[in-house]
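Each chain carries a letter (A, B, C and D) given by its place in the written order, and its residues are counted from 1.
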Amino acid sequence: MSHDVRRRLTDLRRAFHRHPEPGWREFRTTDRIVSELERIGVDEIAVGREVLSTDARMAVPDVEELEPWLERAREAGVRPDVLDRTADGHTGVVAVVDRGEGPHVALRVDMDGISLPESDDPDHRPAAEGFRSEHDGYMHACGHDAHIAMALGTIEAVKDSEFAGTFTTFFQPAEEISGGGKAMAEGGYLEGVDYLLAVHVGLGNPTGTVVAGVEKPLAMAHLTVTFEGASAHAGKAPNEGANAMQAAATAIQNAYAIPRHSDGMTRVNVGRIEGGTASNVVAEEITLEAEVRGETTALMEYTRTELERVLYAAAEMHDCDVTPRVISESPRVDSDPALRDLVGAVARGTTGVDDVIETAEFGGSEDVTYLMERVNESGGLAAYLLVGTDHPTNHHTPTFDVDEESLEIGVSVLSDAVLECSRREP
Amino acid sequence: MSHDVRRRLTDLRRAFHRHPEPGWREFRTTDRIVSELERIGVDEIAVGREVLSTDARMAVPDVEELEPWLERAREAGVRPDVLDRTADGHTGVVAVVDRGEGPHVALRVDMDGISLPESDDPDHRPAAEGFRSEHDGYMHACGHDAHIAMALGTIEAVKDSEFAGTFTTFFQPAEEISGGGKAMAEGGYLEGVDYLLAVHVGLGNPTGTVVAGVEKPLAMAHLTVTFEGASAHAGKAPNEGANAMQAAATAIQNAYAIPRHSDGMTRVNVGRIEGGTASNVVAEEITLEAEVRGETTALMEYTRTELERVLYAAAEMHDCDVTPRVISESPRVDSDPALRDLVGAVARGTTGVDDVIETAEFGGSEDVTYLMERVNESGGLAAYLLVGTDHPTNHHTPTFDVDEESLEIGVSVLSDAVLECSRREP
Amino acid sequence: MSHDVRRRLTDLRRAFHRHPEPGWREFRTTDRIVSELERIGVDEIAVGREVLSTDARMAVPDVEELEPWLERAREAGVRPDVLDRTADGHTGVVAVVDRGEGPHVALRVDMDGISLPESDDPDHRPAAEGFRSEHDGYMHACGHDAHIAMALGTIEAVKDSEFAGTFTTFFQPAEEISGGGKAMAEGGYLEGVDYLLAVHVGLGNPTGTVVAGVEKPLAMAHLTVTFEGASAHAGKAPNEGANAMQAAATAIQNAYAIPRHSDGMTRVNVGRIEGGTASNVVAEEITLEAEVRGETTALMEYTRTELERVLYAAAEMHDCDVTPRVISESPRVDSDPALRDLVGAVARGTTGVDDVIETAEFGGSEDVTYLMERVNESGGLAAYLLVGTDHPTNHHTPTFDVDEESLEIGVSVLSDAVLECSRREP
Amino acid sequence: MSHDVRRRLTDLRRAFHRHPEPGWREFRTTDRIVSELERIGVDEIAVGREVLSTDARMAVPDVEELEPWLERAREAGVRPDVLDRTADGHTGVVAVVDRGEGPHVALRVDMDGISLPESDDPDHRPAAEGFRSEHDGYMHACGHDAHIAMALGTIEAVKDSEFAGTFTTFFQPAEEISGGGKAMAEGGYLEGVDYLLAVHVGLGNPTGTVVAGVEKPLAMAHLTVTFEGASAHAGKAPNEGANAMQAAATAIQNAYAIPRHSDGMTRVNVGRIEGGTASNVVAEEITLEAEVRGETTALMEYTRTELERVLYAAAEMHDCDVTPRVISESPRVDSDPALRDLVGAVARGTTGVDDVIETAEFGGSEDVTYLMERVNESGGLAAYLLVGTDHPTNHHTPTFDVDEESLEIGVSVLSDAVLECSRREP
């Protein structure tokens, strides 16, 4: 890889790092991806509404939350046509390289930042070298900036190769809130994909390590739950209320007590609560944020079903109404062993890679599983690989950073794997 | 009152004391009352089925619990016709003295003992003087033996007086388990009653004191609740069970948390629990015994309704069924002030009475309120009076005893009050 | 009463109405009271720190909450000496009229507004006649504006009368949050008071009605409770957390289940909750706002003690810490019957009063009970009287208003009662 | 194997089947084993107290539960010396075959029946062929009768072989209640054991299958928990009680809500509850039976520690005392891979074995793990093998039966494995 290419990858990554945008608000990020794709010269660039199933989006913020980011993007000079196509929470890009007959290979990366103030410690390289987040309170603390750069580098490399077939890259919005995966899976561009590769950097793996395909991402659903009762004066007429506080407390206690399942691991958590007005008023409304997980999609659904029964019964018990809303969710889909082998073989031949791990448990959740599931259902294969990168501190911490040496490794492994796929029978 | 009469009262009371029988099993007691009434000579003696509404009986024991008492009664020589009429839990007697035109006055006493082993301490008079309970494990520890004696004495006194009208005496079974009051209230003999007097001895009032009419007996309901789920191996497949233990625990916690009511005092208690089979099995069945009380009947019913909602929702929450059964209940009815005044005036003129208290709060529950309610609904007046008696220890304790001097006072106050009622316009 | 006096009462009340200030932030209100007292000419005016026991203040807002009100007061031209004396949440005034030998008579009124946006409906008189609140989001919706005006009018009337003795008026801050009563009770000026009168307008009583002395204000305590545990990833390591959410839920369930008490009415409520960060994180911190009440101070304390046991045990159960802080409280103290009789007699002779009710149950809580308790403990008498006023809607609603005709009635009853007290033997 | 030997195995198994005895009450079973060992002629027979650590016994029944079984054994002619040595719940036997220099090899079988009435369906072979349980309500429903027969057969076979070294057989009592394993592990006879084999029949494996060594028996602890509060009249003075019912309900809810653990599977169950006296009495005493399990011993201990915290805090919350007693427990110990390989190799060469499975998850709990742990700690190897047997219905059901063809297979595999061990270097 030329020094220029290497330099461009680093510059790109730093440019995205400076402007992190949270889920469904990646207006500026979308714009910059489009510009880069135009520079590279691909056969099709589809944006926002064109690549998403509007109804399948999850965890979309309301207008008040979208507006400031839209305004900021406008001020930063984002093109009006991009703003139009991404309006109302429709960020994201799909790029297609069409090289005639051959398999349809796809790559998926994510593109959103998170709500976390970035460190200004001089030991934190982005601070020292001037590419720290310019969006106060937000940060690329999970490496999605590196993912975008790698994807752009991979497109360029594939374009310059002997690749035959179709190569489609998905820049998916709103991964952190499990909001964009389903919408992109149902947006139309996955149709006919034979091989899907997804990538993540780091996760404890150092530069030089590649995990060929992860397994056991947890199936997950995130719910917002509102109990509505009736307020009353707690001293004068407690019996006239319908106590949402008691309903919520009963629900919480019983949620954690949902039976363990013989088929495997389940999880449930109520992580946030707020409601009521004052100490002397029977609480009328309480809102919870909860999640359920399972080692399999079925186990997650078992837990969600049990949780919903607990919620409805707790409301009924205290004469309240309850509205559980599934904000986002993702199934469990493991990497395909055959595609994993292909990635492993490619990685073993890649400069800079000194350790190839066949598979590893993912532990957390990832909504790329929607895309993987879709591809599997149509007869295609999918794998989720990890490209190691030295990171000084954990993901989702203010001093997270990536080793930019890994960008080049990522591009090599991905572009070679795409090429290798195109040589297989679809 | 002659020495003979006084002696007969004491003998009678001691005879009943020796043979306490629990609710709906007062076969021998019924028989003895019938014999005494025949000796006295009244105009009508109705027994068992003739005086009860079968369907309105509550807390009736099953055959296994009735049988040994029936057998014991048979062995003691109880008359076959009494056994016939009281079969299947239909104890109780009504005696009518018919003296032509005039008001219809009624007296109600209770007749059951309780499950409590009587003390054999030589300081306990029944033990010392040879009239301790001969039914092991059972005892007249609330003075119902004295009530029966007083009622018989009162009938005799009224019969010998210038009383004009109808005088009906109700010997009610199963008061301790709140089981007989409703059945007697609906048994037919209360029809047309203008004045109803009920009586209790003691309750902390010494010999010489009379409370003319109590108020605020608590309304009460006693429930048996069974949760039914599905058992499962707690280690291998906890998810396959429907955990009646969790349902019961949720119900108990929320039962005690039923909101206090602005209209007054309420109570709820789960006093007994049993269920499940072994530590490694998800519990299939749990049974609770619970009660609710209220300062008024409406407050008791509020609490019962809330309790039932809690029970059904707790069952639903854990995929169980629940069956709450109201075993017995009693409303709140206060003594009528006018009748109370009449009793007070009579008591003030009675030899041996040195303190007349107009009214007092009752505190507990009493199913005579069913009879009082019935009389009130038909336009009659009812009062529940207390005849003081020195009692060495509390009611419902193994060394409870009454001061037999109070028997005569009770007969005087009751018979004079009955006579006084007959002089009033109905 | 002259037309001028009547006019001044109305003007004063409207002036206070325009500038409602919440508890411990009554800087402008204090300033205006001081100015009026100087106009009237009393023998001593003590302000803020001079009249309060600093340590006995409760529910004092922190600096961030005080500052904007201080700034607003400064801009409105409040005198620097008043700002000095009221600094750091020390509002309130005491005015003394010293007329030589004679009893020490005292009057207490409150002076804070509440957090409630006032209606701008043209049917709402303050809106129609231009004296609606100028402090957005705050309102005199409980008549404290009228109380201040009445107190000033009473001081003026007493000063002009043949009153002999000492007359001390307490303008108490922070009544709505039960924050100021104890601090003023312990501030020194109550010493030697023989008669204490407190007054409230309305509470359902129409213009022309006076309640001579209320009874049964509920004893109350308001608590803020913080559970602190340890956060953890709910999917990856739930066992590493100490779940404050579960601790709070357990505490809430058991708080409502604190046993009812045989001595009388108790109440408990958790009216507000907030905590945790996200659905996938074990909650580290949860804050509750709770209150306990009792028909007597002892019953309130029983409930508070039980609540604290529940809180500590719930924290212990989930390996969390808990800090319950009593924010404010008030005991139960009834009006003295003798002083009540004096007020009733005075009221019966007052023009405009057509109905004098001897006593009524208060139902809610009031921290004037701290002052009443103090006076009682020193051998003095205290009564809390109600001056009826037609109010179109309930207290604490956006369209609450008082009938200004009642201002004059209030001044007459209060000043005549003060005068009458001075004629009694102390 | 000769027809005679096969016949003896079947006869023996049926003899034991006819007389099932529950844990620590295997008096007759012990006696019969001793007789058979004397017939066979071994070098040492140790009984009861001689083979158990008295203090390490768990779940020992009290005298009232032991007595009827002792009496029954006496009547059946059990030898006085056996009754002496097994007195007070000290059943069990150890048999030693001493053949000079060589490794010390051990075999462990269990010997208790369970509380379950055996089916008298004519399709149930023990019923049809006359060897159904003669102890009403008790049954060998888990194959321990077959285990004893196999062990006796194995001793005989080893004795007749070229075995060199020491062969010790443990007939362990009270396996079903996890009561005997620890006591035997600490009884002295395990000292110096180089190889320990344990065996179970069936568990879903058909005749002809052998599982060479199981893994993942769950670590388990069984607790009895008693809450003690104070009773009170639920209507008149609920505040005077300390409500053990509320404490238990709080404990149950929170027990099931103990956090899942990142290291693996945990279980908790409250399977039995009983307490309180009547609906109108605040419950004074409630007893629970609970268990905790874990995929590892550490996970079980985590859950037990959490459960104990829940119990103590729930008691404290309701002013009660609580006494959790660990009745029995067992650690997790997996079969040693090397010894498993040896067993597998032997099994593959055994007539009648057509399927050898290297390992399988055990799923449940087994207190042989105490013996395995002891052997491992001293440097020896242990394996727990399964000998398949067709069983018409599940273990622990009234129609459970074993295929007697498997007895011979078991003896062959066990005796050959013992012999093979003796050929290894210890």
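Everything that follows uses one rule, which is that a residue touches a chain if its C-beta (ideal position, glycine included) is under 8 Å from a C-beta of that chain, and two chains touch if they have at least 3 such contacts.
For reference, the UniProt names are A, B, C, D = Amidohydrolase.
Source: prediction; values computed, not measured.
Engineer: Identify which chain pair among B-D, B-C or C-D reproduces the interface of A-D, meaning that over half of its contact pairs, matched by residue number, are the same.
Structural biologist: B-C
Engineer: Could you tell me which pair, A-C or A-B, is linked by more C-beta pairs in contact?
Structural biologist: A-C
Engineer: Nearest whole angstrom, what separates the Cα centre of chain A from the Cα centre of chain C?
Structural biologist: Averaging C-alpha atoms per chain gives centres 53 Å apart.
Engineer: For chain A and chain B, let me know how many angstrom lie between their CA-based centres, rounded off.
Structural biologist: The answer is 70 Å.
Engineer: For chain B, jot down the residues that touch at least 2 other chains.
Structural biologist: 236, 238, 243, 246, 250, 253-254, 256-257, 259-260, 267, 282
Engineer: Touching chain B in the complex: which residues of chain A?
Structural biologist: 236-241, 243, 246, 250, 253-254, 257, 259-263, 282, 302, 309-310, 312-314, 316-319
Engineer: If we count contacts the way the header does, which residues on chain A are in touch with chain C in the complex?
Structural biologist: 218, 220, 222-223, 234-236, 238, 243, 245-246, 248-250, 252-253, 256, 267, 269-283, 286, 289-291, 293, 363-365
Engineer: Which residues, counting only chain B, touch chain C once they are in their complex?
Structural biologist: Residues in contact with chain C: 253-254, 256-257, 259-260, 265-267.
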